[in-house]
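Read from first to last, the chains carry the letters A, B, C, D, E and F; within each, the first residue is number 1.
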Amino acid sequence: MAEDAKQGPPQFIPKLKGKKVIIRLISGGQPITGTLEGYNPYEIFIQTVKGQVLVFKHAIATIEAVDEPKGFTIER
Amino acid sequence: MAEDAKQGPPQFIPKLKGKKVIIRLISGGQPITGTLEGYNPYEIFIQTVKGQVLVFKHAIATIEAVDEPKGFTIER
Amino acid sequence: MAEDAKQGPPQFIPKLKGKKVIIRLISGGQPITGTLEGYNPYEIFIQTVKGQVLVFKHAIATIEAVDEPKGFTIER
Amino acid sequence: MAEDAKQGPPQFIPKLKGKKVIIRLISGGQPITGTLEGYNPYEIFIQTVKGQVLVFKHAIATIEAVDEPKGFTIER
Amino acid sequence: MAEDAKQGPPQFIPKLKGKKVIIRLISGGQPITGTLEGYNPYEIFIQTVKGQVLVFKHAIATIEAVDEPKGFTIER
Amino acid sequence: MAEDAKQGPPQFIPKLKGKKVIIRLISGGQPITGTLEGYNPYEIFIQTVKGQVLVFKHAIATIEAVDEPKGFTIER
């Protein structure tokens, strides 16, 4: 709580930059898997095996890191 | 009302931090169950049995605490 | 109109506090029935027979008061 | 255009106050029919034959006036 | 780019005013066809063969002009 | 990080202007394919083989460039 006051709220997406992620969309259907290459307040940019994909955050339900569970933790 | 003026509106998510929750998404489908580890204005971070999951609040319909109904109450 | 200028726009949710409500979600499916215990600009807190539920307003289509139609009116 | 500069953008919902409307939700399903009794920036309040219903604007796809097509026009 | 700095971002909806359009909703289903009579930041007002319809922008996926493809172009 | 401070967050849509794109909507269904001709904070304007289409960003799940994977990269 004390460090929250100093740091602002935790940011989870920056920790995923450069990692392989699974993105599940709010519409269900096939998840998007690839490397999270960039982000801004509204969009995420993913390198998939089929090419680059711009994903709007408003369309995303969940993001999970894959294959590297040790490397993706939040400070508490 | 008087204490609202002092405290601002009630915040429910902070009370769920560290607790086991069931998150139901607006798309229906399988709920997400895990421990609420962190949050910010747009996202919630959950530790599930399969790993860590970033859930966008815009994709969530409801959140319920599980297994500890006594420990999760709001002041009125 | 004159009193709107004085009062601001009408607020409907405060009138529902403490009342039994039916909440229908935008996704359809089973409505949530319970007592509206609290709210803030983004969330509503409901006591159901199964426990407490945080409902995000963005997931709600409609809210109706139940069993007490006389007690829930708006001023016009 | 000149009068837009003076008046601000046209507001359609105020013209519907007190009129019978059909509200179609983004989720499809059964429309809500009733008298539009009130509104604020986020919500609309409808008197239906079954009682009063708070409808979140974010859940609405379209609103149409019914039975009184002459009485509901916009200035152009 | 230079003229963007002067003009602000392009606005597409004003160019559709008075034209016949097809509006497809995010929920799928039957498109709405009619003349775009007015708009504000959140809503669009359409004259259809069945009457006037207020359409919330948040419910719209796409808008296309019909029958007059020559008359609806953007400057680049 | 240092250059983020200077540049602001990366913007992906400007890099797609003038390119052929596939737009997938949050509702699923048929993707929209065409040339991205313009954009503003809320809307994207596409030239398709059937004509011009205004697409609301809120309705878009993903955008991909097609046929020119070399020409569409982000700086990192």
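Convention: contacts are C-beta pairs under 8 Å (C-beta built on N, C-alpha and C of every residue); 3 or more make two chains touch, one makes a residue touch a chain.
Keep in mind that this is a model prediction, so the values were computed, not measured.
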Third chains touching both chain D and chain A: none
Rotational angle, Cα trace of chain B fitted to chain E, multiple of 5°: 180
Type of chain A:chain F copy interface by residue overlap (half), same or different: different
Chain D and chain F: spacing of chain centres that average the CA atoms, whole Å: 33
Between chain D and chain E, centroid-to-centroid distance (C-alpha), Å: 19
Junction residues of chain F - those touching two or more other chains: 26-27, 58
Chain contact graph, described as a line, ring, star, complete graph or other shape: ring
Residue numbers on chain E that touch chain D, as the complex places them: 25-27, 29, 32, 37-43, 45, 50-56, 58-59
Of all residues in chain B, those that touch chain C in their complex: 9-13, 16, 26-28, 57-58, 60-65, 69, 72-74, 76
